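You will see two complexes here that share chain A, one where it goes with chain B and one where it goes with chain C.
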Partner chain A sequence: MIEQLKRELEATFKGVSVTSEADRRITVVVDPLQTIALLRFFKDRGFSHLALLSAVDLIDKHAFELVYILTSYAEDTGEDAVPGELILVVKSMIPRDKPTFKSVINIYPNAEPYEREIHELFGIHFDGHRRLTPLFLERQYPIPPFRKDFDTRRYVEDVFGSIPAIGDEEG
Partner chain B sequence: MNGTSGNKTSGSSRELELYFGPQHLGMVGNFSITLKVEGDRILEARANPGFLHRGFEKLMEYRTWIQNFPMVCRINVIESGSMEMIYSMAVESLAQIEVPERAHYVRSIYLELCRVSSHLFGLWAYSNMLGFDTVAQWAMYHRDLILDLLEELTGGRVYNIFIWPGGVRRDFPKGFEDRIVETLHTIGSCVPDYNTAFFDNRIFYERSKGIGRITQQEAKELGATGQTLRATGLKFDIRKVAPYAAYDKVEWDVPVREDGDAYSRILVIRDEMIESVHMIFKLLEAMPQGPVYNRIPNPFKWKIPPGDTYVRCESSRGELGLYLVSDGGERPYRVHFRTPSYTNGLILLEKLLQGASIADVGNIMISLYVVAPEIDR
Partner chain C sequence: MDRNQIAKWFKEPSKMANKYSLHAIYFCTGCGIIEVPPVITARWDAERFGVIPVATPRQANLFLITGYVSVKTLKAIIRTYEQMYEPKYAVAFGSCPINGGMYWDSYNTIKHLDKYIPIDGWIAGCMPRPEAIFVAVTHLWTLIDKGMANGYERYKKYYRAYRRNQELALGKLEWPPLYPIGEHTEGGECD
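So, the complex of A and B:
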């Protein structure tokens, strides 16, 4: 199954890199221009469950990595069926200074809150998402708080004042 | 004032916005919904999470691999066992740590105890919401008996931090197996009472049948897992699909129902509890002797090789996943939890509330088994 999927992918998409891990996990790294087509391909192929949409701030590489984790509901038993234990990790990097990507709501409707969350915490904009309103936070931050250059300790000290070390306080 | 001129709302003038906040009895803890209603009927629902957003995933980037355990537990307040499990699984996967055979069994037994206690809490919430106070008190009492067991085993009643990378923190104390069996028999002997008073009760049936109904197709489309999905007839359980711990070592079955409504979801929870108890008995019988812990390196200087992993397990609410990234340092580089309540509380809830009556908001919400801290993290 893994080998067949690998061949099919390399024939259909240019420049994808496919690696498989021992614990039944396949990682596919793809150019952002092809991500949407790739996700559609996987959905048609039986990976009907978007388990998680995540973002990683790769500050040293000046990029954000979007991570789509796909699995199947394992209800088919035919020959082409995707085994339930298979986990597919699709990764694409987008530039950090232009953090915009296409929404995948029309492929996986449950991506809606994930995209909202990533928009709020990482400042990545998703085109085609109708409701990028704040999800968790109640105030605006100078830098989206889950980015690596947001220092939580400094933020707390700036906003709430520094806490004196034990023995330093007056009285 | 003339009510029609300058009115920008699209619906009728009888439309109202109703805030269904955390102070409401039918609400599952710190969570709120903004409802647009016309009379008694809900036109649109908007879930507002964030009351419990503590930024754990960011804070975990500042703490060492082991220091993160107290935060991991607090993501699901009701059932911390599966949170410890998922974090340990991810760390073990990244650092290539093996777990001894006996530890797998101890983990499974512990996780099933946590599942039963969590389901009893869920039963308390649901029966209490419907006005079955007696049944709610029974469920709370029986949950407490399991918390006593957990206290003896781990020292904690709610946050246990028992599962650890490389195994579990300690083996069962002397005679603990007998006390598990005794406690589960005490709870099990009350199942007929629960059935008479609640599950076979006409009022429960009338009040939950057809409420918050969802088809299997819709559930899959919206990413549902756990009871919500199993109540629509699909046998999907991570413990079967991708077995971990000792779940592939004994025979057990995944309970399902066909109708996809609140009634089916609550009955799936009941059947799961019974199945878990049987599973614990089988695990206790099959459990081998041996060590329960493989030593990990010094936690203060522990560096984990760079890489990323996604692991998943079946918590009491559905698929729990963790995407964990290491850059080769002493701390995680990125942590992201996939919690079952996230999908249930933000997507399914909004969908199921459309067209429902105001009186059913709590009913739908509790039957979806949403736990608010899991959404916010």
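So, the complex of A and C:
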């Protein structure tokens, strides 16, 4: 099953690397231009569920890595059945100085809150997302707080440390 | 009832009544709420100490903040505290409300809760055992006896400073001040 999928992928997409670290889990690394087509390919193969969309800040490589985890609800019943019980991890790197990517809402509608979250916490813009409004955070931050160059310790000292304690001299 | 306390009952009946019937509102902010169900149910039975959970802040006079306080929950904590009737006692449970605990360098967690609302008692630990709640309750009795559990009076007295700190942390607040900010009330008197 995995071998067949691997052959099919390498025939369809250029420069795709398919590895499998564990049973039932396949990691596909692809360049960002082909990611949307790859996700459509998997959706057509029965991977109908986007389990997670996340981002990793690879500051040493000057890139953000977007991670899509896809699964299928269909059961693995026969040889030509859709690949149930398989977990697909699709990774693609986008440049850190131009953090923009296409929204996958029209492929997986449940990506909407994930993309809002990543936009808020990593500052990655998703083209085609209609509602990139704040989701969790209450305060304004100098840079998005999940980026690796966000100095939490200094931020805490500057913001929460500067709030004075309530003393007897005040009133 | 302890016979030694009969004199106290005659002297300050309202204080004694408050002391032995603490109606607690549990603010389930973090992991500390795990300790609360065994406390209020048969295993440890908080009602032995006169502590009973209530549904809304308007019925409560003990505010138990269990766990870390994020910026967003601070807003709810302030509103809850301001809705409670006086006399009201706030107890912070766990090390996170004291100084941030394991979230001491988190970008989104309030570090010192007593900068925003007055706290009458602290229960240290991560997590404290349910017995610690009872130690805190009995300690709170002593504080109420001595008139030292006066967080609500401090809140009134220093309301301007509390409100300023709340606005520093949360930006502009959506609700009007609980007490008039313009004038300065003297010496913690309350009516």
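Note that the second predicted complex is superposed on the first by the 153 of 171 C-alpha atoms of A that agree within 3 Å, B and C clash if a C-alpha of one lies under 4 Å from a C-alpha of the other, contacts with A are read in each partner's own complex, and residues count from 1 in each chain.
Basically, contacts are C-beta pairs under 8 Å (C-beta built on N, C-alpha and C of every residue); 3 or more make two chains touch, one makes a residue touch a chain.
As the structure is a prediction and not an experimental result, all values here were calculated from the model.
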item: Partner chain in contact with A:V156 - chain B first, chain C second, else both or neither; value: second
item: Partner chain in contact with A:E10 - chain B first, chain C second, else both or neither; value: neither
item: Which partner reaches more residues of chain A (counting touched residues only), chain B or chain C; value: B
item: Which superposed partner A:Y108 touches (first chain B, second chain C, both, neither); value: first
item: Which of chain B and chain C A:Y73 touches, first, second, both or neither; value: first
item: Touched partner set for A:A165, first chain B, second chain C, both or neither; value: second
item: Which of chain B and chain C A:R139 touches, first, second, both or neither; value: second
item: First (chain B), second (chain C), both or neither touched by A:D31; value: neither
item: Shared chain A surface residues [contacts with chain B and with chain C]; value: 136-138, 145, 150, 152-153
item: Residue ranges of chain C touching chain A (in the complex, touch as defined); value: 71-72, 75, 100, 104-108, 110-112, 114-115, 118, 154, 157-158, 160-162, 165, 168-171, 184
item: Sites on chain B touched by chain A in the complex; value: 49-50, 53, 55, 57-59, 62, 93, 220-223, 229, 234, 236, 241-242, 308-310, 312, 319, 321, 323, 325, 333-334, 336, 338, 342-343, 346-347, 376
item: Chain A residues touching chain B - in the complex, by the definition given at the top; value: 23-25, 48-52, 54, 56-57, 67, 69, 71, 73-75, 84-85, 87, 89, 108-110, 112-113, 134-138, 145-146, 150, 152-153
item: Chain C contact footprint on chain A (complex, rising order); value: 136-139, 141, 145, 150, 152-153, 155-156, 160-166, 170-171
